[in-house]
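Read through the structures below before going on.
Two complexes follow with chain A in common, the first pairing it with chain B and the second with chain C.
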Partner chain A sequence: MHGTTTSIGLRRLLQGMSGIALVLALLALWEASARLGWVESRNWPPFTQVLLALWDGLRSGELLRLVASTVGFMLVGYAAGSAAGIALGLLLGLSPLAQRFASPLVETLRPIPIAAVVPPLILFLGVGDALKIFTVAFSTFFPVLLNTIAGVRDGSEVLRQTARTLRLSRAATLRKIVLPGALPAIFAGLRTSLGIALVVVIVAEMVAGASGVGHFIVQSQYAMQPAPMYAAVACLSLVGYALNRLVLVLERSALPWHGAS
Partner chain B sequence: MSRRTAMARWLPGAASVLLVLAAWEAAVRAGAVNPALLPAPSVVLSTLGGVLRAGEVFGPLRQTLQLMAAGYAIACVLGIALGIVMGRSEAGYRLFEPLVELVRPIPKPALIPPLFLFLGIGVKTMLFIVVLAAFFPVLINTVQGVRGIDPVLLNTARTFRLGRAAVVFKVVLPAALPMIAIGMRVSLAIALTLVIVAEMLAGENGVGFLILDMQRAFRIQHMYAWLVVLAAVGVALNAAFEWVERRLLPWRGRQ
Partner chain C sequence: MKRRALFKLAACGAAAASCGLARPADRTRLRVNVQTIIDCVPVVVAIKNGYFAQEGLEIDTSTSGGGAVGIPGLLGGAYDIVQSNTVSGLLAFSQGLDVQVIAPGAKMLPQAPTTEMVGRRGEAYRTAADLEGKSIGVNNRNGIVWLYARAWVKARGGDPAKVSFREVPFPQMEDAVRRRNVDAAFMVEPFKSAAVKSPELAVVGSPFGEVQPGTDAGHYLTTGKFAAQNPELLRKFTRALRRGVEWYNANLSTKEAQQIVSEFTRLPPAVLQEIVLPPMPLQVEVAQIRRTAELMRDHGMFAAVPDIDRYINKDLIAP
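For the complex of A and B:
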């Protein structure tokens, strides 16, 4: 009996290690392929060299400064787009007539790939900060809007009628009934949008080609400097991971009753 | 009656689109907007008509759509296959989960320049990027869908002694399909976006390249005309997806 539990525990442990082993094996393969010249490319740096470049970039503060500025613009655009999405979503969710007016407009604009919107926006906003903020706001707006509308629509009719019975004012109903009911859906939209926001700010920087991490990555490609480029990509992945974690934590603290699911 | 209610549903939306177009046209004609930056919709439409009549639209559009379709199809097949492995087998899940969690948060457009540098600028590299980006939403949703299957279904399949393949195709896939469809829908938009970005950065061909190129050449009317083409593609893809979804998942509409 005791023997079986140990062997099951050992098997669990081995299974748990297998994933990390796979990652390590791939990294070792990367290192070996670059060091031993298995890859026919002058631009295939070994993994350790990328780590060194990452370390150098972080220590000199250059990479950190670039990433911080990009993420900063992203957050401003994200906040603006989300706020607009929630506000308009509450309005459209509560008024079917308004929604019928607005939804064809939304459905025409929404399917346009965001990258294609950047060139015309450059004409109006230039290639700098305003472009980044607006592009992020534009692309985060739609998921938040649609989720808010759905959240309001799916809100309990009974609760709303109870509020009417208790003669709650419109503002109070909105704040105490409609908004909490729609919050889980809104948060789902916010989380989707955050991932989109990071991608979009990088795309905007790449296409505009003036500043930020996206621009730095493209420039490194032209300059044939793979190590700092991969370091920048690694940095962005960390940011992406951290942002996703952050929203999950925020979600849990804002929706304690929803944590069970 | 039903026709009238359909009209009543449809009319305000059409009216709002027309209203916006009319306001745009009026703003340009009144000189409130610089037509060099934002030409009137009538001008954009006539430019679009010219592009369509000349047949210039088909080459770039085919290039873009082919790349997208190929990448999307490969991503869906791979995502569903690995998703079933990870969803059905605990060992498979533990093997691949750390790798997936490592690659997934990478903003995929940021990988385009490194991959261009490493693999060279070309269709193969662009295809790889589209597959990589469209793969993860399908994978994640498939894993969730497969793991969420009612155990009674699986036990019933075991009672009937269904083989492994039969269980996957007759029980697991149909039951997980609604979740998989959600992931596939997200991936569809991602695939189109990534193709456009890749075309812009590669600077060779396709609708994405043309939009950026027209802007740089200051042929603004043509840029907007191509933007309309792309928007139409987006709407059409969405509509096609919904049509297929209704066909394949008729039980979902009733929810």
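For the complex of A and C:
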């Protein structure tokens, strides 16, 4: 039928734009509430001022430096925590005995909220880079560990029996059957952990930092400069979005056979 | 609560505290932890004007959010000297931790009040009846602001147990009062001056001035171990710091001083012009520390007043 393709295309375009429209509407509400005095507070600048602060921060390079520093430390901690989580997860997933042994410790440590952990850690790690990296690694570790264990467990039993029949070595079984089978779950764990890692590095910087975006956010509040504070928050939000998209791309390329969500 | 457990844990850290940092190079490095508040500007002044360099010292400043972070860092060996408020320092000392006062930090002068109680204009807080049942915003429970807020309620005839103290960070206090999340809040600069610009808000009391004029609000601390091993180093530090304080006090109203404060605290110069910059003290007043300790005991922070004579470094401070 003539015109169907156009109307479908148009509908898709409008659907895609509706999400952006919602964001724009909320920002307009923010602007109006600040300018028209619906919300009167020193800590509620109009959004346009935040945009100006964002522009100033990017132009001077300060925001980029802060973000680079924060994301840098986050990625180091994230890599360490993920690597440890995957390695231990494979071990515990394959060995029920090992899992029973480790489970009480894991279940005790896992629920500890990171903000509670940071102050005691200051004693051992000081107030600086080691603290940030450790707290991120600690928070990243658990979701990746649990997802890896689940991924190993849920891997196809048929494939494992096939491997046994074909007399594949332990290492080869791990490499060719177990690990690929666990990858979808591992990636799910990695995506969850990424969100957590970003939050945790900011919290560590806010509580015990002297650098980075988290510290800048606290400092801006104490310096009575809310617009730069919100600009830093906006930067963070964009970074989080970008990192998440990056992981999705990596997942799609690593798991072409699996419909990545 | 959290802080108490933290300080107890710090006792283990104290054993691991690093010692000795003599560098054979021309300058000795001292790691000093400060907060980016006006109280610590004299250190910055002393660095900028070369007073530390003239004593052969290189000061490595790091910033943190306050005594709760600074003192564990000191005990864990991350810093040699920290700036801390009086209450945090006394609390640590009362728990047997190896901290001592080496230099004055800040003082609450009645003639230049910076930290005051702000409430709604027209509301009275004179009598016990006015205060009881109300809520007061403080930045941290078990801190110096909380302690003097309670003492102020008592001084005005109220029972602090009948007043609720809510934790509100300083930047959010003005909003909290306006929205009646709290009835009044104990604010520091620059938030206090900014808040009273609103017609609805006004200063309703001056707790430090009413309870204990001249309170020693903060000091520079080190560990007893570091002090025993480096007495000459500390003498040099305090000498240079003193010169920084003297310069700062003499140049308070100049553009140069305002520039230094603005750069350090990140407060815009326009905001700085609205606030009173108080002079910094040159002496530690031991009687004031003792009085603060007595208040801490009276308000349940510890069972008995600790031995203040052992809390101050007698080589550097007259008892």
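Criterion: the second predicted complex is superposed on the first by the 234 of 261 C-alpha atoms of A that agree within 3 Å, B and C clash if a C-alpha of one lies under 4 Å from a C-alpha of the other, contacts with A are read in each partner's own complex, and residues count from 1 in each chain.
Keep this in mind: a contact is a pair of C-beta atoms (placed from the backbone, for glycine too) under 8 Å apart; a residue touches a chain by one contact, two chains touch by 3 or more.
A quick note: this is a predicted structure, and the numbers were derived from the prediction, not measured.
Legend: residue contacts after superposition of the two complexes on their common chain; A:Tyr230 is shown touching chain B, with no touch to chain C. More residues of chain A lie in touch with B than with the remaining chain of the pair chain B and chain C. Using the contact criterion defined above for the overlaid structures, shared-chain residue A:Ala102 touches chain B, although it does not reach chain C.
Once chain A of one complex is fitted onto chain A of the other, the partner contacts of A:Tyr241 are limited to chain B, with no touch recorded for chain C. Once the two complexes are laid over each other on the shared chain, residue contacts for A:Asn43 go to chain B and to chain C alike.
Contacts of A:Pro256 after superposition on the shared chain: neither chain B nor chain C is touched. Using the contact criterion defined above for the overlaid structures, shared-chain residue A:Pro120 touches chain B and also reaches chain C.
Once the two complexes are laid over each other on the shared chain, residue contacts for A:Ser220 go to chain B and to chain C alike.
Touch criterion met: A:Val207 reaches chain B and chain C at once.
Touched by chain B in one complex and by chain C in the other are residues 41, 43, 116, 119-120, 122-124, 207, 218, 220-221, 224 of chain A. Residue ranges of chain A in contact with chain C, taken from their complex: 40-43, 116, 119-120, 122-124, 126-128, 207-208, 210, 218-225.
Those residues of chain A lying in contact with chain B across their complex are 15-16, 18-20, 22-23, 26, 41, 43-44, 97, 100-105, 107-117, 119-120, 122-124, 198-199, 202-203, 206-207, 213-214, 217-218, 220-221, 224, 226, 229-230, 232-233, 236-238, 240-241, 244. Across the interface of their complex, chain A is touched by residues 2, 6, 9-10, 12-13, 33, 36, 62-65, 68-69, 72-73, 75-78, 169-172, 174-175, 178, 190-191, 194, 265-268, 271 of chain C. On the chain B side of its complex with chain A, the touching residues are 9, 12-17, 20, 37-38, 90-91, 94-99, 102, 105-114, 116-119, 189, 192-193, 196-197, 200-201, 207-208, 211-212, 214-215, 220, 223-224, 227, 230-231, 234-235, 237-238.
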